[in-house]
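You will see two complexes here that share chain A, one where it goes with chain B and one where it goes with chain C.
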Partner chain A sequence: MRWGMVVDLSKCVRCYACLAACRIEHFLPMGINWPRLVALETGGDSPTVSTYSVRCNQCKDAPCVEVCPTGATTRREDGVVTVDQDKCVGCRYCVVACPYQNRTFLSKDKDQGFFPGRVVTDFEKAGKKLYKHQIGTTEKCNFCAERIDAGLAKGLKPGIDREATPACVNTCPARALTFGDLDDPNSEVSRLIREKKGFQLHPEYNTDPSVYFIDGKIGQSDEPKVDDKADKEPEAIGVGE
Partner chain B sequence: MGERKVIKTTCKGCHGGCGVLATVEDGVIVHIEGNPEAPTLGTMCSKGLSSIQHVNHPDRLLYPLKRTGERGEGKWQRISWDEALDTIEQKMKDSIAKHGPSSIAVSQGTGRGYNEYTHRFARSIGTANIITPGYICHSPRLGLYGLVTGYGRLYCDYHGWGGEYPKTQISWAKQLEISSADGEMAVWFLNSLKHVKNLIVVDPRETALSSRATLWLQIRPGTDAALALAMINVIISEGLIDKEFIEKWTYGFDKLAERVKEYTPEKAAEITWLKAEDIKKAARLFAIDTPGCIQIGSSLERQANCGQTLRAIICLLGVTGNIERPGSMISWVPPDTGQREDFFTEIPITDEMRKGIVGSDQYKMGAARTAHSDTVIKQLLNGNSVIKVWFSVGGQQILHLANTKEVMEALKNLEFLVHVDQFMGPMAEIADIVLPAAHWLEIDDIFDMHPRFMIEAHNRVVDPPGEAWQDSKIFNEVGKRLAPKYWFENVEKMLDYQLKKGNMTWKDFSKKVVHARMGKDQIYYKYKTDYWRKGGGFPTPTGKMELYSTVLENLGYDPLPHFQEPGESPVSTPELAKEYPLILTTGYRQPFYFLSQYRNIPWLRSFQKDPVMQIHPDTAKECGIEDGDWAWIESPRGKIKQKARLFPGILPGVVMATANCFYPESPGPLHGLLKSNPNVLTSNNHCDPMYGSPDLTCLLCKVYKAEDDKEE
Partner chain C sequence: MEAHQWMIHYTRQTEWIDRRGIFLWIAFYAGGLGGGLYLVSLYFNSLWGMLISWLIIAVIKGGTHLVYLGKPLRFWRIITRPQTSWLARGFIFVMLFVFFGAIQMALTYWLPGSTAEIVFKVMAGIMAFSVALYTGIILKNIKGVPFWNSTLLPVLFIFCGLLGGFGLAVVIALNGGDINLAAAETGSRWLLLANVLLIGIYLWQASAKENTSKQSVLEQLRGHSAPIFWIGIVLLGIVIPLGIALAGLIMNHMSSIVLVTGVACEIIGGLALRYVVLKAGAYKPLVAKPQ
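Let's turn to the complex of A and B:
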């Protein structure tokens, strides 16, 4: 069992819903984002606009785990890399060690509230009770491990059952995010990686990320088309791809 | 832990429509996510999700206010609802007695499920001077589609309910995926791309979809009619038309064929800056790989040639038979609760009301049942205004109308202005009375999606703050005072009334949340049945789909589509172009803002603090601008500052400015209205002959570096 995610670059439309869902799910302090969007805009003969929805890669060989002096950052058996806020001493070795810059040190200035100096909203007050953020420690995406664990306890399948699936995956209007078990060759994530030439970011770092990316043309999908079943219209001649 | 409950409701963060599950604990919203049982399958965007910060916002208006200082001075006094309503009633009654009911204008922001109330209220008190942004967003489509379908709505069939998905899709001046509107439609559109064979994107800018599309047409802004007419030219000359449909069901094909002869791909290529080969390819893809649909964006409706551009696109659908066929463009049948418009069309516009509509003598399509906004502004400036009292509910005309400085001057000349809003923005600041409005998480109401095949319930999740009221209640209470026979004891009775055709009460519907006609219940090929006309046909004077429009002919408009240069362009005003050499388009939208909303929501503002204008790196270099610089954008009307983003995916020579921006955090009364709002640059002098739509997305400008971001 190794939880993983596939991000489809041909589907992501840079809407920021994944960031918003994460903020709500984890009551994130105002200055913190676990996922981020990285824009790629190139010109030339084949210009491209792409958006990389990035988050902690939950690397198999995670440098952050190696450098953590207190054992706060560990890799679970299911591949999720977690931070124990009670053990973290805020040394920030991991922030430096992560080659993907997916860790954030929660300093006081990153937790000024939604409306600094004016009001602490009811939602923020509720958040303080419901989800722990410790100033002076390091944070990052945990693949919504709380949802995975609670879901599994109920017999649900992460990536298939919504209750056991990360919040960003659930909310994505473009359905650009897919979650599942990388060790299961029949899972949707494994199929996408296999069939759509999934790639990891910066494989030269040798960290073996659990987040993969795929890309492709629109209109040449190999998924079954309703059109194909219906009869009749003459096929295009001499046009199209 | 206290009481925890999950309430099913419907988002209205944009036009709305996404199903929502809101978790409330001890009266506080602690979680929001999409409702997986809703047609939107549990998805939600950043705007809807960030509503949590919106409802809790410390700047929410809580009580009715009346102005105590000069207009715009920012001096307010809290008053009771009774005093507010008494004053509004008296002012309206006085104005009606003195100048007639047409002296009252009722305005709204974008159509998002309260149009029924604005229109019903206006009509109930005897005025059809309703001011809406419709004429630059959606109304031209509705009116011109109405010449085909009667009802006036044609939507892309993204749903596959008829057994086919669109094989060729054209996304024309539209980013349905992010354009901050019709959230529920984005989900279906994106899903339909799994089934598409050809995707054609018409846009001066590269997008995520255009990067991966079959064909991307990087068009010069404002020249879309030439492209559509040339595509028809190719389709006819290469024999790719849908012969059977044309012969049996259309009127005026020969005249159209004659008209488009002049629009050869080569000529259109010159006009549009596209390659003739690409125009031919687009035409062939669309004509051969059918069914197909065209998703039109409102950028086309922010151009003074919009009527004929849309007519050309409709004719393109006609010659390819892409009407009412599964996978093409459909006029959806509403559920048994009927058309949402019934709630106001049951009060007809009388001849007297029609005569009183400002701009109706000139813009016969656009100002037939609503006023022409820019004429209202001109009259106010010229001292001959029909409008004396303006009742503004949501929306900020001061921001979205062309030529902001003129609009500001004009609004000062009103005798009385009421504005209903959630925050003290530039429109509220110049009002005489400001009323506090509720958020969608605080209301019980009926949501009507644009394609109209379903209605959904907004269920109250928390109470509004202070004394804020939902819009429907405000209209009902003012309505009861001025035209009691058209209004209701309370909001629930009014909602019951709107649902009565479906044999439902509000309470029934509130539990049901979604009431739809989907799947097998929809009716395709209505023209082949008695649906519109006994024996088949379209609801038009000739009974056919009119490629040659007899209706437009009778109104004195060109019955056949043609291309007209924008009012300002390198071609139409070459002298002006020497001083203002760049093409300005003001349609840039961010997926996390909705029109003028949400720049005060911290989560959303964090995604992009400053308004951004996109410019090609080569053009920027000529203008001495680097990425991240603040830049002046100047037109003959004025100048603004936006932050430059060098973007290789935009057509060189074109500047794309962020629309509708102001700075809620800046001091009133303007809140930075003049700093970055591109309507400071736009013109209200050159308008579409049918709809009165001004050129907002195709103008001329020059750009140069600004030293800083200070407001002048």
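Let's turn to the complex of A and C:
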């Protein structure tokens, strides 16, 4: 069994519901997002905007697992890569090693509350009890492992039964996200990947991500990319700020 | 940067250089400098050099790296897992160096020439070399940052550490320490030339490798890191020490002030090198831009 996700790029309507659902599900501090939306313009004179809903790829050969010196980051048997915040020492090696930049170090300034210095909402108070986020450690998407585990314990099927399915997948109003077992050739995710030529981000890193994308015109492995043009003079890096 | 451009361009790593990442930068440099100085001190059999290198690694390297951790009190989790990663091994190298080095210095002071002293010198020497080396391996192993992903990087860090070590050996010699000044100066000159060569090859191969590492090189040569590259590495780290070395060769004598200035410039150059290497490390765009 290996849990995976398929993101249909042609269906995403850029509503950010997946980000909101994740924030509510995991009581995420204001300064961090586990899933993120990457939007980009394509098409020169008549540009259209394409959107990628991205999150930790739960890589099969995860660089973050390889470098973690404490054993805090591990890959479960079902393929989900998790961080045990009680073991994490906050060295950030995993943050730097993730080639997809899907990890966040939770520093104090990222967890100042929704209304810093004014009021702590009931939602935040509940979060402190139900889903602890430890400042000084690292976080990332875990495919809602707690929902998967609780659902499986009840005999439910992740990807089919809502109670056992990741919050972002349940919430997506455009049905752009599909979840299921990549090892099962009859699962919906396997069918979509097979029939719609699903592709992974940066396969050249040999990380074998469990998140696939379909129906996108950009980034498909058989399309030429700017990066492939050896003669293009790159600009200096925009230093990210 | 516009919101819609986020992560469709080259993105530089920030965690290991910005804000508290400064501690990691200092830790990485101190590891190289301390390790290099210890090896140079072994060559000169200088107890002063050994003591200073021990302090650099135990206090500056160990201290700043611990301070950098989000949960420093859990550091024991790192040192009990050498099988996991080079970061864990690095912490162990530091601890073993501190342990072996302390015993070795005591033996050198009270039982010089004894077999035990030689054994501990060898063991502390291996650990010092490993401390200077491992930070380069840590960066080299990160395949998402192509600029770092080169076997030359650990070599460059070792040579940079040795250069700093010879520089500090000159200062110890000038202060009447147990080091031959002329030999330290000669070593310093050769190491400087080797470093210039290595930096040149490193940048050349990084820019020839692929576009993201070429971006990193451009970032140093004409991007935001350019002032640190040109002033810190080229002017202070190379041109001034080379000028002083050449003048020393021609005039056969150099005043202490000038020599110490040269060493200070070399150390600033080494710090600047680590800084720009960390600062310019960049990831490929998450999704490729359309043509």
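Just a few scattered comments:
In this text, the second predicted complex is superposed on the first by the 211 of 241 C-alpha atoms of A that agree within 3 Å, B and C clash if a C-alpha of one lies under 4 Å from a C-alpha of the other, contacts with A are read in each partner's own complex, and residues count from 1 in each chain.
Note that contacts are C-beta pairs under 8 Å (C-beta built on N, C-alpha and C of every residue); 3 or more make two chains touch, one makes a residue touch a chain.
Here the structure is a predicted model, which means the values were calculated and not measured.
Within the superposed three-chain model, A:P69 lies in touch with chain C and out of touch with chain B [touch as defined at top].
With both structures placed on the common chain, the touch criterion links A:F123 to chain B but leaves chain C unconnected. Of the two partner chains placed by superposition, A:F199 touches none, neither chain B nor chain C.
In the superposition on chain A, contact is made by A:M30 with chain B only, not with chain C. By the document's definition of touching, of the two partners only chain C reaches A:R92; chain B does not.
In the superposition on chain A, A:V49 makes contact with both chain B and chain C.
After overlaying the two complexes on the shared chain, residue contacts for A:R14 are found with chain B alone; chain C is out of touch. Annotation: chain A residues 41-43, 49, 217-219, 225-227, 230, 234, 236-241 touch chain B in one complex and chain C in the other.
For chain C in complex with chain A, the residues that touch the partner chain are 1, 3-16, 19-20, 68-72, 74-75, 77-78, 81, 84-88, 91, 138, 141-145, 211-212, 214-216, 218-219, 222-224, 280, 282-291. Taken in their complex, chain B has these residues touching chain A: 25, 27-34, 36, 40, 42-46, 49-50, 52-53, 56-58, 160, 163-165, 167, 175, 177-178, 183, 186-187, 190-191, 193-199, 206-214, 281, 284-285, 288-291, 327, 591-592, 602-603, 606-607, 617, 647-649.
Of all residues in chain A, those touching chain C in their complex are 36, 38-43, 49, 52, 54, 63, 66-72, 87-93, 95-101, 105-107, 134-138, 201-202, 205, 217-219, 224-227, 229-230, 232, 234-241.
Of all residues in chain A, only 9-17, 19-21, 23-25, 30, 41-44, 47-51, 114-115, 118-119, 121-123, 125-127, 130, 162, 167, 170-175, 215-219, 221, 223, 225-227, 230, 233-234, 236-241 touch chain B in the complex they form.
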